[in-house]
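In the two complexes that follow, chain A is the common piece, with chain B as its partner first and chain C second.
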Partner chain A sequence: MSKGDEAPLLTRRDLLAGLATTPALVAFVVAARTHAAYRKDSRHGIFGDLLERLPLPGGAGESGAAPAGPVLNVGLIGVGYRGKQLLVAAGFAQPGQLAAGESLGTDGEAPLGIRIAGVCDIYQPNLDWGVVASGGTAVPYRKARDLIASPGIDAVILAVPDHWHVPLAVEAARAGKHVYVEKCFSHDVDGALAAAEAVKAAGVVLQLGHQGRQNSLYALAARLAGDGLLGGIRLAQAFTNHNGPVLAWNGAIPKEAGPRNVDWEAFEGNGATHPFDLDRFFHWRKYWAYGTGLSGDAFTHEWDALDLVLGGLGIPGTAIASGGIYGWRDGRETPDTYQVVYEYPERGLALTYNATQANGWRRDKILFGADATMTLEGGVRVYADRDSTRYAEFLKTGRIDPDRPIAAYLPGDGRWLDAGTSATQHWAVSRGLLYSTTPTGRRVNTATLHLRDWLDAIRSRRQPACPIDLAVVEAVTAHMGTLSMRWGCRVRWDAAARKVVPDRDTGGTA
Partner chain B sequence: MGCGGAEGRARSRHRGDGVIPGPGGQRAGPGLGRPYEIRVAVRPGGRGTDLRAVMPAMGTGVHLRILDVPESLARRAAVAALAEIAAIERLANVHDPDSPLSLVNRLAGRQMVRVGGPLLDVVRRGMDLGVAFQGAFDITALPLLRAWGFGGYRFDRPPTGEECDCAREVVGRHHVEISGDALGLRRAGAGIDLGSIAKGVAIDRAVDVLRRFGVRRALVEAGGDLYALGCPRDAPGWRIGLRHPLRPGWCASFPLADAAVATSGAYESFVDYDGRRCGHVMDPRTGQPAETCLSATVMTNSAGLADAAATALFVTGTPDHLPPGTGWMTVVGGKGGRVEVQSGGVVPRWTPVPEGEGV
Partner chain C sequence: MDRRDDLRGRDPSRPGARGVSGRQQVALVLLRVAIGWHFLYEGWVKLVDPGWTSAGALAAAQGPLAGVFRELSTHWRILEVVDRAMSWGLTAVGLGLVLGLLTRAATVAAAGLLVLFYLMNPPVPGMEFLPGEGSYLIVNKILVELFALGVLLAFPTGTVAGLDRLLQGRGRAIAGRADVVGSERPPEGIP
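Right, the complex of A and B next:
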């Protein structure tokens, strides 16, 4: 073949437009095959339109080319558990990790076009780890303020305890540095509002670290819900079940850790004055002075998914929550069992959530619509409601079985296979979606995609996927639940005063 | 009811207009003229390149993987291989009203169409395999598919015996006429469907292209049929899963190297007539949907042969007609909704996948 014979590679837009019908339709044939009549209905009946217009799950694009624009100098503040994960997601790791077969988030993807120009941690081994992982390019900092102030830093990633998110984000914004900050956005409501002002005034790009926003599964679910497959959704449920010490915020404390290599004063901040305590330092999520409890740490992941699927929840009208320490009586302050009900009167929706850190059962998020129910966890399944008016004719004639999904996207396997043989194209549907898939079936680290989205937003001066206004909604929503639990009464959002207040109209006693 | 009666039930998708444009034999142009995506990973540690490509074609997704050749070569080879598949699809796609094969079907009993060599090669191959499989595989079974509500037709009941007989009257290789580079059907109502061979032939042609580019490790898959060229380094073969016919997930897995595999089954495409589930694979000998097993898989040295042989195995339920050197697996229903995998011939060592795993 001569050089001129090679087709020009298409743009992502072209690709998606061209693929829009085929793979997505393929995806939903998975469900169709489980019920005899559905396959025909999918082409000729009420689903036809919807399926033909479904988007291709996952991002697409040509890999291999560095992004346009100069290399951005990024500083990482916090090289702990999450900070290390983000470095790997960004394409940086220690040689030992690569030798052990760990794959970088950018493997097979375009590089992010960044240099890790600085790392900061107040635990010396973490700081050393970050410098090595950066390839030796990073300047080590013991003080976050010094890293932020460095003229060699364009943007910062904040992977620090929750109580430091806002102070460092504000400082970075005021220094003109773009910010990627882990959830929960703030330690309290006022902090979120103040940070928003600072970020907007500075004109920097802030991305809240909800990488789930890049999950193609949720994008697909959002399209289904948005296209009305479920009818009016009036109730949504979400859950977190965690078990074991790590997920219960009791991970191993390094033996070498002590006052010699931990900067306790820098950790406390915010006026806190506790004596040196390694449990507080490494298990900070268990303490209100630093963490935001299950609401800020675990619920916000679920909230993020539901916010995406339901098309923007906004700040809830009210919240009522309770919780207790029942499973881990280890001196912690934040409950290991927690439940909350949010009401969104304006959109006619209630959202319930409960969580435990003493059980690991996996539960689906569930969206209850007047015509159908969607389950969402590792896959999307939609079941017609027995009393649906929309599907009444199909239910009556038995062409829809309410016990079988009318639509499903069931990725998940394929991590151990190269291909599959089947009667038709089942394989195209089922190849792995551990995090997010491209049309080629490759799994891509969502944190990599989320970082890329942030960097693209910086380069093109656009809004990122989880921008500052959404960060405020996330934080206020999370804190409403926490405040309700801690105050022992229902709370509401006073939009005029921009405060969370006890809901005295319903008999609140605080 | 006479043999024109079926038309009373059916809505013809395309009415013949007597035009004979002779579009056949066209090769892919400078570009594929269709969307596709290529991604290349340069694997760390000197482990070479890993190219993956996808293209929607043949009513499904075509997936291509190439290992361990320089990136630019891999890209050129991938585009050329995809072009080969796209070319076959353009010729043989019965879902495209403008394809040469659709035109041949539309003009059945009236005129021949100049379709060119590549399509004729596929048709001849299909006819030969029809003989080899003693009628259990037949590229002229399209009238039966139509009668049962496939191929763009819908009915509210299965065909009567008389309607089946009418369809069978126009099934058979003797209705096919080839003259020079022209293809035609002697009887009105006759039709050719290459759905059980074209994917395989296209895969074989794509693999030939890859070989000419010097590729030695690749996987070409289209709609569940595939060819494993070589295998990844340090592996006994590409890891292939056999789709579970009743549930999402897999019922077996096996390594495959320098061989093709294809699976036939009715679990993806069927119609329901008042509780009677009728699959889209027809037994040309009886005019009825095949019901011998849940799925049939054949491994051999050619994807085109595997494609047709899997269909024949599904129709007959017996491997007796398979040529020497092939391997086969059938999945049959077992107790309590479970399935049983049976195998024989030159079949790779396969491993059952426990229920619920890999879903």
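Right, the complex of A and C next:
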């Protein structure tokens, strides 16, 4: 029996033993602070205060009250695949109309402050779907012109085949209706220029439906590129790989579809005259009379992202393209394999694009700078170049490993990480020097944000994110590639004549 | 006589003695502090990084419970709670183990977290692992750390070297005074 038991007060020995491990905590704090300071120094040496200034992307939407101002009456023309998606993004669908795992774009967000006052489609089941989705507020229209002319409509969303974009946008503008139109903006170059004139003359707000412009990822990438982190960017690559019938424009044709519920004449319009054909009606992208090919349909998404990240590309100087129908020999006219090179001599940049509809491999967009390379697809990663002068000192001392990202941002999107990111990539990022961040932001449907941007622009009389001038650049860029491929020669933009013309060379011989 | 008393044969009421030698006690305390340090730093880096979230780790979960973890990562409100619980939980547990404060609770909580981490990426046949991390089958570092915590539960050290000893001393002092009031001398065998 020790003495301590008899005198049960704190002894000196108790005190010493009680505090024995406290120095470990002091050591921890010193070590952790030293390490944090080292990392901060490294980060500062490489990026200056850039990373501190960068807003973390994510949670771009706002939850809260509906926007101020009157409720806008919106009409939707085209309740097909994309039209339905836009209705859902805008917050309009009945529970039974949502696919598994799909939710309204406005869930957890502020409502858009609109009413779906009219829907129009030339396939009866789609029209019925739209009326139900609107909650019964929408008047059904079989003729787009009637919807546009209705005094109860303030603005229209055009989710129709490409050949109808310009005619309906012009008609809406002339009627004083604001326009949200899907890409590709026009079916040809002249159409884009004519529509721009009409929209500007009418003073309506036109938003081109590149919802990718709302992706906070691209805004972050734009800041990184704009701050010179990459050095001069002289080459950019973009890709589309699609596989399977839906993405190859061969989705299932509804069994109930036929002359009785399809308005074929209204579909063709625009000068086209073919006999009734459900393949043409539902798979219009495969035919030049209605669609704009891989260039207008798929490339424009990539172009949009690069235009945003590179800070406005403008119309390219030249384009040369080729393509062929190799994967889907089903009577289609538009190639399923396509490649194009654009030159931007004024800004010293070449842009290459390559697409297939017979393979689904995922390829990052890549921006090649003199000091660093950026990959962009679901996440942003920046790798210092081995021969960079900007990072030379860090490369020499081994503080930067060119095989590991110096900056990386992966959105906290489970589905994307699941689909696109291997454990190896996570590991590389975690070992990257800096800035491997997944924000706490929630996911927001970019189409919802893009519609909101359009409506805000209408309410506050400002330019939307993808305005008419940009729509013209998008269309001209896309059509330059298509024309080059179809003409079999390099094309250039004749700025004076505002035309795409063959870039006939001096006729050199080999 | 307490059954534990005979393990070492002397000073059975000495807090935490429980029949282990002084050298063994030092080893156990070092183990506790090291595990505590590990937890503390894992918590600290998450607290000081405003952009940190568990979303990536949850989404990359593998194994039979992957679906549950992934589901958590897709609801931002839940994610906020998970993130806060994770960063503060790791820090608190780490502090507890380093300082020997509420050691038993900290040990149990640490073990609970490790069970979760183990289940997030169980090294069972067929799972994929990060390069450079080593190779594991069933047993990985998480499991070893978990079992080490089991050792610390079996051989508690908070009252050997830790703030728990002061708390206990104080408790004993209060109990002692009460006894002084009630009787001439304190009863024997107060732990």
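The rule is short, and it goes like this: the second predicted complex is superposed on the first by the 420 of 510 C-alpha atoms of A that agree within 3 Å, B and C clash if a C-alpha of one lies under 4 Å from a C-alpha of the other, contacts with A are read in each partner's own complex, and residues count from 1 in each chain.
In the analysis below, a contact is a pair of C-beta atoms (placed from the backbone, for glycine too) under 8 Å apart; a residue touches a chain by one contact, two chains touch by 3 or more.
Keep in mind it's a predicted model, so treat the numbers as computed, not measured.
Asks: Would you sort A:252 into first (chain B), second (chain C), both or neither based on which partner it touches?
Replies: neither
Asks: Given the touch rule stated above, what does A:496 touch, chain B (first), chain C (second), both, or neither?
Replies: Touch partners of A:496: none, neither chain B nor chain C.
Asks: In the superposed model, which partner reaches more residues of chain A, chain B or chain C?
Replies: Touching more of chain A: B.
Asks: Give one of first, second, both or neither to describe whether A:107 is in contact with chain B, with chain C, with both, or with none.
Replies: In the superposition, A:107 contacts chain B only.
Asks: Overlap the chain B and chain C contact sets on chain A and report the shared residues.
Replies: Comparing the two interfaces on chain A, one with chain B and one with chain C, the shared residues are 1, 4-10, 14-15, 17-19, 21-22, 36, 410, 412-414, 417-418, 421-424, 426-427, 438-442.
Asks: Tell me, which parts of chain C touch chain A in their complex?
Replies: Residues 11, 13-14, 29, 32-33, 36-37, 40-41, 44, 48-53, 55-56, 58-60, 70, 73-74, 76, 79-80, 83, 95, 98-100, 128-133, 160-166, 169-170, 172-173, 175-176, 185-186, 188-190 of chain C touch chain A in their complex.
Asks: Once bound in the complex, which stretches of chain A touch chain B?
Replies: It is residues 1, 4-10, 14-15, 17-19, 21-23, 26, 29-30, 33, 36-37, 39-40, 44, 60-64, 98-99, 104, 107-109, 399, 410, 412-414, 416-428, 430, 438-442 of chain A that touch chain B.
Asks: Mind pulling up the chain B residues that touch chain A in the complex?
Replies: 30-41, 43-45, 50, 52-54, 56, 59-61, 63, 65, 71, 75-76, 79-80, 83, 154, 219, 221, 223-226, 228, 232, 238-243, 245, 248-250, 253, 261-272, 277, 295, 297, 358-359
Asks: Quick one: which bits of chain A touch chain C in the complex? Just the residue numbers, please.
Replies: 1-2, 4-11, 14-15, 17-22, 24-25, 28, 32, 36, 56, 59, 410, 412-415, 417-418, 421-424, 426-427, 431, 437-443
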